[in-house]
Amino acid sequence: MSAKADLISEIEDLVLANHILHAQGVLDSYGHVSFRSPERPDRFFMARAMAPARVTASDIMEFDIDGEPLARGGRSVYSERFIHSEIYKKRGDVRSVIHSHSPGVIPFSVTDVPLRAIMPPAGFLHTGVPVYEIRDASGMTDMLVRDPQRGKALAESLGDHAVALMRGHGDVVVGPELRTAVARAVYTEMNARIQLQAVLLAAGGRVEYMTEEECTLRKAGDNLDKRGSGHGSDRIWEGLKSELIDKQD
Amino acid sequence: MSAKADLISEIEDLVLANHILHAQGVLDSYGHVSFRSPERPDRFFMARAMAPARVTASDIMEFDIDGEPLARGGRSVYSERFIHSEIYKKRGDVRSVIHSHSPGVIPFSVTDVPLRAIMPPAGFLHTGVPVYEIRDASGMTDMLVRDPQRGKALAESLGDHAVALMRGHGDVVVGPELRTAVARAVYTEMNARIQLQAVLLAAGGRVEYMTEEECTLRKAGDNLDKRGSGHGSDRIWEGLKSELIDKQD
Amino acid sequence: MSAKADLISEIEDLVLANHILHAQGVLDSYGHVSFRSPERPDRFFMARAMAPARVTASDIMEFDIDGEPLARGGRSVYSERFIHSEIYKKRGDVRSVIHSHSPGVIPFSVTDVPLRAIMPPAGFLHTGVPVYEIRDASGMTDMLVRDPQRGKALAESLGDHAVALMRGHGDVVVGPELRTAVARAVYTEMNARIQLQAVLLAAGGRVEYMTEEECTLRKAGDNLDKRGSGHGSDRIWEGLKSELIDKQD
Amino acid sequence: MSAKADLISEIEDLVLANHILHAQGVLDSYGHVSFRSPERPDRFFMARAMAPARVTASDIMEFDIDGEPLARGGRSVYSERFIHSEIYKKRGDVRSVIHSHSPGVIPFSVTDVPLRAIMPPAGFLHTGVPVYEIRDASGMTDMLVRDPQRGKALAESLGDHAVALMRGHGDVVVGPELRTAVARAVYTEMNARIQLQAVLLAAGGRVEYMTEEECTLRKAGDNLDKRGSGHGSDRIWEGLKSELIDKQD
């Protein structure tokens, strides 16, 4: 493919990435995804300021390494675009950056419990997940990364890791290519949700379970039900098929 | 209206009740709703054994006070129909009975934490919510109320209350009319979900909150953003409208 | 725009606000939103008593500062309309009031854990979130704000804040304009959900995490899989695209 | 039916099983379901490597007892197919195997809290739910069951049980027929979610409940509202109908 065709194809992936991350609950009507220009490593591509679920190819703009749009044309741009520019400046290995308010990770940004890998697809978390505390370098602020200095401090917090949390705010996820960054953002959120449940479970209390006898009798009952009534395994199958149809309606 | 028109109208409500309780997550592909015959207090109406979301008027059958269908015609009937018959037998004031696997109430049936009214529409819980322990009267079983004796023991556990939990299984909800029973089943589930969260919250730990200064600066930032960038209150409004459109697609 | 055109436009926003708050899970089939009349500060606009998701412009009625409709025309009105009238009476700066059963905030209304700002868009919570205990001024009631006295006590609890919780019931959210009040109601709910998770996380237990070696080997495995099998990053991308299509069906 | 017609019918069930398990949240874009060949017990059928929600009959392939496809034809196959082959090898009674990342069970795989039967349809858990710790037999790995040795160790962990968890990864569920295995996978996930809530509930804190008087007054209030205002039981019914319509739109 020509360089131009490559770029068009990557812009299509960027549009799709916005939609996928919205459908997965990583982005709501905020957050942004970018990729580094394949031809000019000192530039990157990202949507104008808008809801991710609505992004189309014509909304994608090119930015320079200082986070300024090459051709603004009166369009709004994300005030936190310096998250992207400063990470591209510091991390030559990064070709894609995602910033989101990923809801499952925020609890880990305001407690002492570090986000850690539980499940294989989140194995990239193993080098550690730093928490960027904007108070450290910038004192009391509105917590938005709205200038290059804050972006630089965030990039320093991130270090060589794949993910940094932003205290009370969300996270930034990076990758060597766009699709990898998207997968990481999705599994960071999923690992966070499951880790929360696991941590809670480990501190739980006593519950009344079924006895072995009740379980065995249940099984006998199922067989009984096959002869005329409503609880056999074909009935469960019909019920599950019915729920499937409801979802497809 | 004639008695016949009244009955047709109540059967339509019964069909709708099945669909509503499914949409609200009270019934999955199991559970059943009935109402007492307006003309013959020793009879009641309920669907044949099938998934609630699919019930139509032609699926409604008439049962006698012993739980037996008047005209079975080869159709499957719920093996737990004795929940209904025995409650109608004992409780002259009850005109509608709902049995469900309402997922939010099951945790309250296997712990020592009683289900209690937190929110006004669940005020009917105030007389107490007994837990029917099938082991007490029937020993080890498959936990299904599949005969009149078990139905009678459940009706005794219920006493004069509006709701009884069934240990590890679900609940039974009754009312002086069908619509009231449906509202009670919905708010029993909702109260249970909120009570669980409240009980957990009350046992929680320490979290890092935003400072007053951060909050104030955020507000100033919003005003700043109104002049050209992406975080003002019109931007939030547009984002919320965008999410609305997604849900309506 | 003429005053009349302004009013029509604000009524359209009010209709949309009902739909948005329903789609965001702040309102269910209850709750109400109002705005102060732009021409007559002693009047406000709000829907007749009905489900928010169904409100259209023709359902909007005008109310006086005592909460009475100017032209009732046989329509039902919300019994808790005094929440609105008494706040408009006391708070000259408020141009919009929302009352909801916002499910995430109710746990904070029945425990000692105060609702506090965790995330920037909820920064408006920083002045504090009082809990209106209806028992304090009115003793034992049905917990509904169904007369001016109760409305006045709620307005006093609210003080100069943006949000007051109502014990076991929900909340009231106010703003200097309709769109701001809507954004506040949405982020009050979202902050509550995330704060609950954070508070629980902070009190959790011990969990078995992946080791660094497992994480590293997983990464090597991913590269391995690129040569022929099913777990590489393109496979994840295809999977995520597939989930996207499911949601758009 | 002829043997061929039987096989076609079981393949249709296998396709449906993939869709049902996706709709129920057991499978996401990963995981796989298989059944043992009715004619050749040393063979089994399973989809090529793809997202379960998209599987059609033409995607089903036949595998030998060593997990190798009989006619690959350039198609991708699941790298973890040895989960299936090794279980079929060891367990003559098993005619269907499901491997999933069932999200509710993962917390039980990384804590000391065993997954146990709470509700009757999960009674098959009563023999115990072992946790397969891949470190025990294979040391540090990428945690994927990508060869026969790991599959064999998993089959040994499973023993005679219906379900084995895989630490940090998911589970494997088996059954004497495909429909039974599907029902078991669905109720394993559901039991896990409810058990988590119950265990948390049992360790919770103190909450402010409604008083008996508030509850009683609420009830009186409902009757009051029937005469003219917005909170009676017909209003709740209309609200619930309204929510039903929203879901069916």
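Structure notes:
A, B, C and D label the chains in the order they appear, each numbered from 1.
Methods note: a contact is a pair of C-beta atoms (placed from the backbone, for glycine too) under 8 Å apart; a residue touches a chain by one contact, two chains touch by 3 or more.
Source: prediction; values computed, not measured.
The chains in contact with subunit A as well as with subunit D are B, C. On residue numbers, the A-D interface is repeated by B-D, which shares over half of its contact pairs, out of the options C-D, B-D or A-B.
Its C-alpha atoms superposed on subunit C, subunit A is turned by 90 degrees; the angle is given in steps of 5.
Comparing the CA-atom centres of all chains against that of subunit A, the greatest distance is found for B. Put simply, the C-alpha centre of subunit B and that of subunit C have 24 angstrom between them. One inter-chain figure worth recording: subunit C and subunit D are separated by 34 Å, centre to centre, where each centre is the mean of the chain's CA atoms. In subunit B, the residues touching two or more other chains are 110-111, 118-120, 123, 142-144, 168, 198, 200-207, 209-211, 214, 218-219, 236, 240, 243, 248. Taken together, the touching pairs cover every possible pairing of the chains. Contact residues of subunit A toward subunit C in the complex are 16, 19-20, 23-24, 101, 103-104, 106-108, 110-113, 116-127, 142-144, 168-169, 177, 179-180, 182-183, 186, 195-196, 198-204, 248. Those residues of subunit B that touch subunit C in the shared complex are 118-120, 123, 190, 193-194, 197-198, 200-207, 209-212, 214-216, 218-219, 233-234, 236-237, 240-241, 243-244, 247-249.
Put simply, subunit D touches subunit C in their complex at residues 22, 28-30, 49-51, 53-54, 76-79, 110-111, 135, 140-144, 146, 167-168, 200, 205-211, 213-214, 217-222, 225, 228-231, 235-236, 238-240, 242-243, 246.
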